[in-house]
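In what comes next, subunit A is part of two complexes: it sits with subunit B in the first one and with subunit C in the second one.
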Partner chain A sequence: MSALEKINERCLDLFEDLHFKAAREWKAAEPGRKVVGFMPVYVPREIIHAAGMLPLGITGGGDQMEVIHGDAYYQSYICRIPRSTIELGVSGRLDFVDGMLFPSICDVIRNLSGMWKLMFPNVYTRYFDVPQNYIDDIGGNYYTQELAELVEGLEELGGRKITEEQLRNSIALYNENRALVREVYDFRSKQPWKAPAADVYLLVRAGYVLPVEEHNKMIREWLTESEKVDRPLRDNCRVIVAGLFCEQPPLNLIKSLELAGCYVVDDDLLLVSRWLLEDVPLEGDPLHNLSQAFLHHSEETSAKYVPTLAEKGQHLVRAVAKRGAEGVIFASPSFCDPALLDRPMLQSALKKANIPFIAFKYAENSGQMQPIREQAGTFADSIKLWSEA
Partner chain B sequence: MTEITTPKGASPEVIKDDSMWKQKEMMAGHYDRITSAHENGLKVCNTFVPGNLNELIRCFGLVNNLPEVNAIQSGLRKKSGNFVLEAEKHGHSEDVCTYVKSDIGMMEKGNIAPNGKKFPDPDVLLLSYTGCFTFMKWFELLREQYDCETIMLHTPYEGDGKITKNMRDYMVKQLKDDVIPKLERISGVKFDIDLLRENLVKSAKAEEDLVWVLQSAKNKPSPIDAYFGGIYYIGPIFGAFRGTDDAIEYYKLLRAEVEARVKAGRGPVTPDGDMGKEKYRIVVEGPPNYTSFRDFWKMFYDEGAVVVASSYTKVGGVYDFGFRHDPTNPLESLADYCLGVYTNLNLPQRVDMLENYMNEYEADGLLINSIKSCNSFSAGQLLMLREIEKRTGKPGGFVESDLVDPRYFSPANIKNRLESYFQMIDQKRSGKTKGVAA
Partner chain C sequence: MTIAAGIDIGSGAVKATLFEVNKDGTTKWLGKDLHRIRQRDPMELAKEAYHNCLDQAGLKEDDVDYVASTGDGETIPFRTGHFYTMTTHARGAIYLDPEARAVLDVGALNGRAIKIDERGKVLSYKMTSQCASGSGQFLENIARYLGISQDEIGELSKQADDPEKVSGICAVLAETDVINMVSREISASNILKGIHLSMAGRLSRLLKSVGVDDVVMVTGGLANDTGMVAALIEDMEAQKMMMPVRRHDDSIQAGAIGAALWGAYRYERLKELDALPAAS
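Moving on to the complex of A and B:
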């Protein structure tokens, strides 16, 4: 097995392990260690790390887990991720998790934060709110104070103070992590035949369960090894996939897109890994710096308010230009408010810019990939036809 | 979230109370004010019911137009079904909130108000982002249509079940440094804090009487239905009338009428006249269905079921635990109002509130009407139901429908479920009398 295959296999193992063995081992390695879970779309993992804890990304149960109890908590018209997350909780798979953060992304995850409080009263549970006002001394001050409250909560959980030095050190590590993930995305965009979308996904996803130091090392190695591989360049079209920022698509869905003739050159999967678009400065007050980064240099996604009409959807139009993409595939979880309410506006921005797109829905446990493959295949063919015409 | 003009076709023998006439007149005036605003040189501000800052909006002489109320009107007039389809035809997902689609579909179909005249385009969208994610996208969508100024007022969620100083400061700062200056610019009117105080005094007066009316349901029999009837009672205060003399007068009339009913030992008024004997006292969680509103209500009163308390009547403000608008701290009070609306409370708070209602109103059970397209309310309701059953030992019931999409109101199914639910209550009661645990 080549070095690259080994990394890919390790990432697949981590992905498939819904008992979170790696995180459990990390916790058991030293007494007093704590693990803090978080859901999509963004939390400042630096702060958890600075508290000496392991941030653990929780993204539902995927298509491998049978949901036995979770369905009793949700009506049929609510997306899948909360029910499989409840399943992870009630089945004991998260019994080693000491804290859970539920970011402000939608009302389902918002309400799940309260359910967690009721169901797991011994877990430190926090709804993590972020500002929708981006003015420094309004939204900025509010957010800095929210971060300070998170720091306090984690200090209490961990039984020790978090120093500025520790915060800076963690910010530096996550700056590095984000830079590396961006490098992976750039690499894939330049040579997509060398970086299959599913491999990239699993590599980034490994960062949801591994300590950041180990993940950084893994990405570096992956980049070096991937550069060396020789894979045939296919006559695929270049697409961006949007709408995947919360409930995860089945791995097969990601693979199907490539099999259908699409190179994925950008996506909005696992956004926490590249949420902040620039390095967070190390000088000055760390919480203020994190707050500024959120306000002024963070990813655009459906969970955020866009203050002006002119700017709405432009992040996608710019991404298409930057990645040399030929079209956009909107893949949204069924019943997902943020993705589905936003979609018509993003589509109208694309229409104005003459960018072709298609749309479909999925669930984390969708089994049938044939229709999606056919739709993506037809899309790829039509893009090729247009470009030849 | 609601103001309802009286549904047409009410049985002729039903005599309308003064408060009903008053409300009808207020609503007609409201729609005339909106549709003639531009002719009269007034500007229109669209905003939402939860977190609705009517007292502030009025300081700038703006006319308040509430899209949820319009969607409800479309539902009651059986027009929303087509509007929803129209929006779906234009690419809006079948999975999202039907209020939004009813609103957008109505726009596509000419944007006609209940008075038959065209709604004016808004001059400003005041995006009071309170208690529901959909609001943010709804006004982004409208902004695309109207290309008008949009003001965001972000109400943080009570994740830990309390209002922190940071949340309140953030809101006050948004109001002071962002919302008010923008409203001044758009309206051309300078902000007068004393006028705001005056409006808040009026709000508090009306709120006092509203709470008295809602709490009158503690009587046996209850003189009101606090869900179906309650939706009429909250109309003025949740809508464009909070902070007005009209609202004060409406609630005074209403209170006097309800006082008289209590004295006479009478039950609630229904569209078919006075309700018969009160057999079941129910607490309801969740919004109603508006496309078959009267059929849904009838399924209750035909069985002798009266709703004694409901969470839906708290969606535009929770007043029955002591909060009142406070003229001495005007902006802080507006902030606390927004922060405290029902859908901005966390799930444990919602459960505590329902438990309180179950006990205080001596209810026989909790019934949830779960709305298909409303995650803000619906996500987590099954756990809430279990919690209430566990804490009170009273049976819970669960039905599903939608606010304004008639496709999701299945009368036979809902009626069946309700009947079995009421039977369950009977069984529980007889079990109790025999001293046998159910």
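Moving on to the complex of A and C:
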């Protein structure tokens, strides 16, 4: 087995392990260690790391877990990720997790934070709010205060103060992590035949359960080894996949897109690892710097408020140009309010820019890929055979 | 001049073709091959069929500019690109009959009605549901129960004088119907014609739903079943669908033909853009 295959296999093992063995082992390695879970889309992992804790990404149960208890908590018109997250909780799979952060993504996840508090009263649970206004004196101050409250909560949980120096060290490590993930995305965009979308997904996903130091090392090695790979370039079209920022698609869905003749050259999967687009400065007040980065240098997504209608969807238009993409595939979880309510506006922006697109829905446990292959395949054919470019 | 191969992995058979396409658009069919899968590895059969085409043309792998897969061939390791089944059948139908404006692709697992234009562009389509009663595999099973070979199905069906109706909805119910018919000593001809008419009813409804109004080209494995095509024409006439229905002796190769021709087109286009994939 090659070094690259070993990394890919490790990432797959981490992905498939719904008992989070790696995180449990990290916690057991030293007495007093704490693990703090977080849900999509974004939390400042730097603060958890600076508290000496392991940030653990919780992205639902995927397609390998049967949801029994979770369904009892939700109506049929609610997406699947909160159900399977509850299933993870009540089945004891998260019994080692000391804290849970529920970011501001939608009402369902916000309300899940309240449910978690009632269901797991011994777990530090926080609804992590983000600004809906990007003016420094308003949204900026509000968000800095939110960050300060998070610091305070984690200090209480960990039983020790978080120093500015610790925050700066953690910011530096996560700056490096974000830069490496960006490098992976740039590499895939340049040579997609060397970086299958499913492998890239699993590599970035490994960062949800591994300490950032280990993940940074893993990505560096993956990049070195992937460069050496000798895979043939196929006559595939280049697409951006959008709408998958919260509930995760089945791995087979990502594989199916490539099998259908599409190279995925960008996506909005696992955005926490690319949310901040530039390095957070290490000088000055770390919380202020994190706040400023969120306000002025963070990724556009349907899970984030966009103040001007004219700007809506422009991030996709820019991404198409930057990545040399030939079309956009909107893949969104069923009943995902942020993705599905935004979609018409995003499609309108693409139409105006003459960028072809298709759209379909999935659930994290979708098993039937034939309709998706059919849609993606005919989309790829239409681009390859009938586009004007 | 471009040399392109097309490989179509279906659920019942693997088909391969090899074409030479010239700058003026003229084509020369250099080779073709077909293997029934019959529990063998489709990938091995694809390789074998491809090499047989090369042998027929006296060419080597290095002489081929583009290997296009279609059907379930998206994991063929030596492919240059993959095209979806409807896209290739549409192009293949136009090659076999330039007047075709619709394709009825009836294979081992399902049927599709595809409306196309004169360039072979898919305008709209509709597929049978996942039930097997509209498929070639179902017909093969029935032939096996009746103890007749696939080659005999068409002629026997055309000899029917009093066809027995079978369930047009479900293969399981239809098989039960057939067992009852055998016990009532209904002739094989009348049973087969009944099945053909049942399938034809579903297929003509598909054609109607996509708004077909001109020449229909039948492709896929069941295009070789003359009894099936006769039943289709009969059913369409009964429904006042008067457009011509045609088949070709190479209809079963339509997917592989279309794949090769689209592959050649893509090769030329990528060459213009200086974006050719490396030889695989």
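Here, the second predicted complex is superposed on the first by the 386 of 389 C-alpha atoms of A that agree within 3 Å, B and C clash if a C-alpha of one lies under 4 Å from a C-alpha of the other, contacts with A are read in each partner's own complex, and residues count from 1 in each chain.
The rule is simple: a contact is a pair of C-beta atoms (placed from the backbone, for glycine too) under 8 Å apart; a residue touches a chain by one contact, two chains touch by 3 or more.
All values derive from a computational prediction rather than experimental measurement.
Trainee: More residues of subunit A are touched by which partner: subunit B or subunit C?
Mentor: Touching more of subunit A: B.
Trainee: A:163 contacts which: subunit B (first), subunit C (second), both, neither?
Mentor: The answer is neither, since A:163 touches no partner chain.
Trainee: Go through the superposed model and pick first if A:234 touches only subunit B, second if only subunit C, both, or neither.
Mentor: The second partner, subunit C, only.
Trainee: So in the superposed three-chain picture, is A:386 touching just subunit B, just subunit C, both, or none of them (first/second/both/neither)?
Mentor: In the superposed model, A:386 contacts subunit C only, not subunit B.
Trainee: With both complexes overlaid on chain A, does A:64 touch subunit B (first), subunit C (second), both or neither?
Mentor: After superposing on A, A:64 lies clear of both subunit B and subunit C.
Trainee: Once chain A of both complexes is superposed, is A:2 in touch with subunit B (first), subunit C (second), both, or neither?
Mentor: neither
Trainee: Following superposition on chain A, which residues of subunit A contact subunit B and also contact subunit C?
Mentor: No residue sits in both footprints.
Trainee: Considering only the defined contacts, which subunit A positions touch subunit C in the complex?
Mentor: Residues 232-236, 259-261, 374, 377-378, 380-381, 384-386.
Trainee: Within the complex, which stretch of subunit A touches subunit B?
Mentor: 72-75, 77-78, 82, 102, 104, 106-108, 110-115, 117-119, 126-129, 131-133, 135, 137-139, 141-142, 145-146, 149, 302-303, 305-307, 309, 312, 332, 334-338, 340-345, 347-348, 361
Trainee: Taking the touch rule as given, give the residues of subunit C at its contact with subunit A in the complex, in rising order.
Mentor: Contacts found on subunit C: 66, 74-75, 79-84, 86-87, 121-122, 262, 265-266, 270, 277-280.
Trainee: Spell out the part of subunit B that touches subunit A in their complex, as residue ranges.
Mentor: That would be residues 90-93, 95-97, 100, 127, 129, 132-134, 136-138, 140-141, 143-144, 147, 150, 152, 154, 156-157, 159-160, 164, 166-167, 169-170, 173-174, 177-178, 346-351, 370, 372-373, 375-376, 378-383, 387, 400 of subunit B.
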